[in-house]
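The following blocks contain the structures, represented as structure tokens.
Here come two complexes built around chain A, the first alongside chain B, the second alongside chain C.
The block that comes next holds the complex of A and B.
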């Protein structure tokens, strides 16, 4: 396994810049998720690392050694493509043995290793089948086995689960994680699925068309996004315009809110900001009889009255749209606590979950 | 009339025009040639049916054996070369190799030119008084245009094969290109990441995928070359001719009673050509089945 460093990497397609001056570090043995919307250049970055395309500028280093001039066949990488890309004229065992054969091992000599990885991906006994005789999930597992059997220094996964249905995706996600942990191979997984990235990654980066917006542990990115783009891209959140009051409070359309400690470290008193509150961090309680008229009731800090506008059942939870003052908020609640549209509720917003993002529009 | 019968009738009526043309233009003449080759040709004064005399006469002659080997040579060499060059061009054009895009445009042009024009071009270029000979003479490489090596009208068949290549490299290029267009670059890229050099990725991954296109184009090219008579007649030697040329010469003999020999030639050419193509196709199908029928 290798550590990967990317330095000032740039790539254009014709006159369109896809990646500009990109820097990234991936530690050895890490499962690194590269998350971003379609068209942001994440697959291009993966193909540059694989050596399938050449950068216009910058460097790619494996363990400190530049590989920019090394052809893909000599980079010792394993790659799993979005469309599986199994060789249709080869059996499962021939597909998996392909990388070993290209390294001078005969098919017979490669068979023990082939059988080992088939067991690893839970496909023992499928040796003689052709790809067209396998389901999508099985094909993707063969693709994974083919990529890891060569003992790569780096495993690249290009949207490996995007062509699978929901159930298969869950199974495959677990398999990917267990295989990576067992082999300890440095892995970069490109995806536009935030759940996939958060669940699989030790560390992850969010990439937009203007570059990497933030790098860190999944929980760090989710809980403390660096800007509005990241906050909106990762999960469901509420962004409320506000004005900082001192270093620990902010005025907002739903009232004065205490904010998370150090949340406003980059801002000063009076700055216009966006308050970031995750939907699941807002507590919702029925307003008591005494609260039916809010005119004379004083609520505790970080509490606000609201009225339920609509609700959408989503399996184990319900997503509510509520209106508090001039602000509409999204709130996620357990499905065993139901509120009907029009119901008056009290929102509780814990200070530790009120983040501050710079700029009135996140700018 | 019940529904099933009506359906059968409508299928038959739908196929009838095509079947009629096939019968009139192909099966009819072939059946006539077979009957005549077996000795029933009253129009030529031959009424010996059934006899294998004409086949024995043809197959036993040195002329036939020589014609067979030259036919194979003129058919096989251009087939192999056009398959190699046409495939290489198609692959290189897809890989956007420098200069190949320009070349691939020009290589298509001969497709719209008749074979006879190709023959005229080859004569203009490579005959002893042709353009190449004159240029070599002008620059002093040869002392006389007559010193230019005799590559036309000789048993070597260079002129014949040049015309075939002129037409068939573009043909193979177009067929293989269309097959390649259906295969994305992903397979080759996957092979590269697994340690295959560009050549090995092509050999192990791309080539098996474009093999059906290569087989199809080479089958058509070989069948044409084996049965073609105008180019060998124009650019080949007086002796020996190819099998179709020999058939034509038998047909033009003043002794019309020997015309069934021409029909024996026709039947032998058809059988040989069909047999070779059948064996080739069977070998390919067997290989294809061993690869899971893809």
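The block that comes next holds the complex of A and C.
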């Protein structure tokens, strides 16, 4: 168990910078999710931490000790690769024992430890199988066992669930989490799947090609994204152009909205901003008869008229596309109440869910 | 899917016929005593004429000590095994580097490795002979093995390069993260995984060496006889195909057959070699 610190790390391939001046801290025992689109350099970062490639500049510290000059075999890390996860010419037992044998333990002496981790990943008795005789999910679990059997100071996971189908993915996600908590090993998990990162991580970072956009607890990133990029990358959301009025309201195409307290702390009256409203935070109600006939009826604050444009059934909930004034919004509602396209509705937008992000021109 | 399997089997059958049929008259000829045009079969068989000739003919001659077939066969084997082992030993690190690393002048190195295939062997051979005489290794096994490396190495390097290219670097990196040094990762993970390719390279190296005539002829100066140089004497005499020559041709072809059988036994793929080189060609 170690805390990991990364200090102004840079890496370029040929002349293309992949990582530039990156700083990151991971606390000891933390499950840290590193989320980013493909090509953002997250796998490069993982390989740098593992020591498989060398940084051009910067430092990597395990518990305050620089490991930049330590070869990968002496960093005491466990790593689960994205594909080709096992040695095909070795049995499950030999695969798992490999790390111990490289450290001078005989195969026989390694067996108790091997059996322990096999039990941990719920594959007891699979000792003599070859990888080709295992399913993808089982191979992944053996790879996890092989990575943790050496009692690593750091566990690195590279898209551990990306090659599994949906059901297996859920099982594996739970297993990963329980193994990590049981062992308490500091873990960095790289993924492009936001669900994976949000559900697994204690803390997470969103990495784009220009660097880390935001670090924090998953709920923090989801509820209070630092910028438009993060907001759009995590979950589905509505970004509405607006102008700040005072410190607690904003003018927008769907009317004047009260915003979350302190949401506009960094902006000033009159600034152009983006209002961030999550699809599932918008309430939708049928417009009553009085609304049908008297369009001038005043609605309470943070309410707006809208018309349903289309709907997509998503099992358990429905994604609606609605139009309010000139603005199209996405709204997620439970499927026990359905609206047909063309229906007039009233949207309720709670002020505590209206976030403010710096405007498109970088206010 | 099924159709392509069927047609590939047909192609294989036709190829086997085209390759195998010419051997049929050789087999017949090797057992004939007199076989004149236009007879479909020999007028007299070897076993009919046995004892009527002043000296043994055909297989009888080949397997008698005076033919020198035994030593020639042993020489071919020894030189072939030594050449293929040495070639693989040299080619292994070269191929690994070519497959895994990019470096300045890589194309030049690749071209340089191919040069022996392009330059006429007679030119290489005479040059080597002069050099070897000065070094005192002409007419020795060492000299012949070194000469045989010239046509063998390009193929060994090419085969092994494609083998390494097909092996995902992931495996070595996994070994490294699990605590293996570079050497341990190579020995415990890479080598076992490329073993079929390595066997192929060894067999192919042997096959090339067993078929070299010109270089052996020049460097051995007639002192060391191999199967190809032995066969050459019979062709030189200009006589029509007699039983002895036909038998010898069959024996010289034997390494190829042994190669196919061994390749099948060791890699489970009788045409493994064709596959690896094809993969390589497809990539270029």
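Definition applied: the second predicted complex is superposed on the first by the 356 of 363 C-alpha atoms of A that agree within 3 Å, B and C clash if a C-alpha of one lies under 4 Å from a C-alpha of the other, contacts with A are read in each partner's own complex, and residues count from 1 in each chain.
In this text, contacts are C-beta pairs under 8 Å (C-beta built on N, C-alpha and C of every residue); 3 or more make two chains touch, one makes a residue touch a chain.
These numbers come from a predicted model, not from an experiment.
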Query: Following superposition onto chain A, is the placement of chain B relative to chain C best described as a clash or a fit?
result: clash
- prompt: Of the two partner chains, chain B (first) and chain C (second), which one does A:103 touch, if any: first, second, both, or neither?
  reply: both
Message: Once chain A of both complexes is superposed, is A:11 in touch with chain B (first), chain C (second), both, or neither?
response: neither
- request: State whether A:146 touches chain B only (first), chain C only (second), both chains, or neither.
  value: both
Message: So in the superposed three-chain picture, is A:169 touching just chain B, just chain C, both, or none of them (first/second/both/neither)?
response: neither
Query: Looking at the overlay, does A:353 come into contact with chain B only (first), chain C only (second), both, or neither?
result: neither
Query: Is A:192 in contact with chain B, with chain C, with both, or with neither (first, second, both, neither)?
result: neither
Query: Once the shared chain is lined up, is A:78 touching chain B (first), chain C (second), both, or neither of them?
result: both
- request: Using the touch definition from the top, say if A:50 reaches chain B (first), chain C (second), both or neither.
  value: both
- prompt: Which of the two partners, first being chain B and second being chain C, lies in contact with A:91: first, second, both, or neither?
  reply: first
- line: Check: chain A residues flagged as touching chain B and also chain C 50-52, 71-75, 77-79, 81, 83, 85, 87-89, 98-99, 102-103, 146-147, 150, 156
- request: Can you check the complex and tell me which residues of chain B touch chain A?
  value: 186-187, 189-197, 200, 204-205, 208-209, 291-292, 294
Message: For the complex, give me every residue of chain A touching chain C.
response: 47, 50-52, 71-79, 81, 83-85, 87-89, 98-99, 102-103, 146-147, 150, 156
Message: Which residues of chain A touch chain B once you look at their complex with the stated criterion?
response: 50-52, 71-75, 77-79, 81, 83, 85, 87-91, 98-99, 102-103, 130, 132-133, 146-147, 150, 156
Field: Contacting residues of chain C [partner chain A, same complex]
entry: 168, 170-171, 173-181, 184, 188-189, 192-193
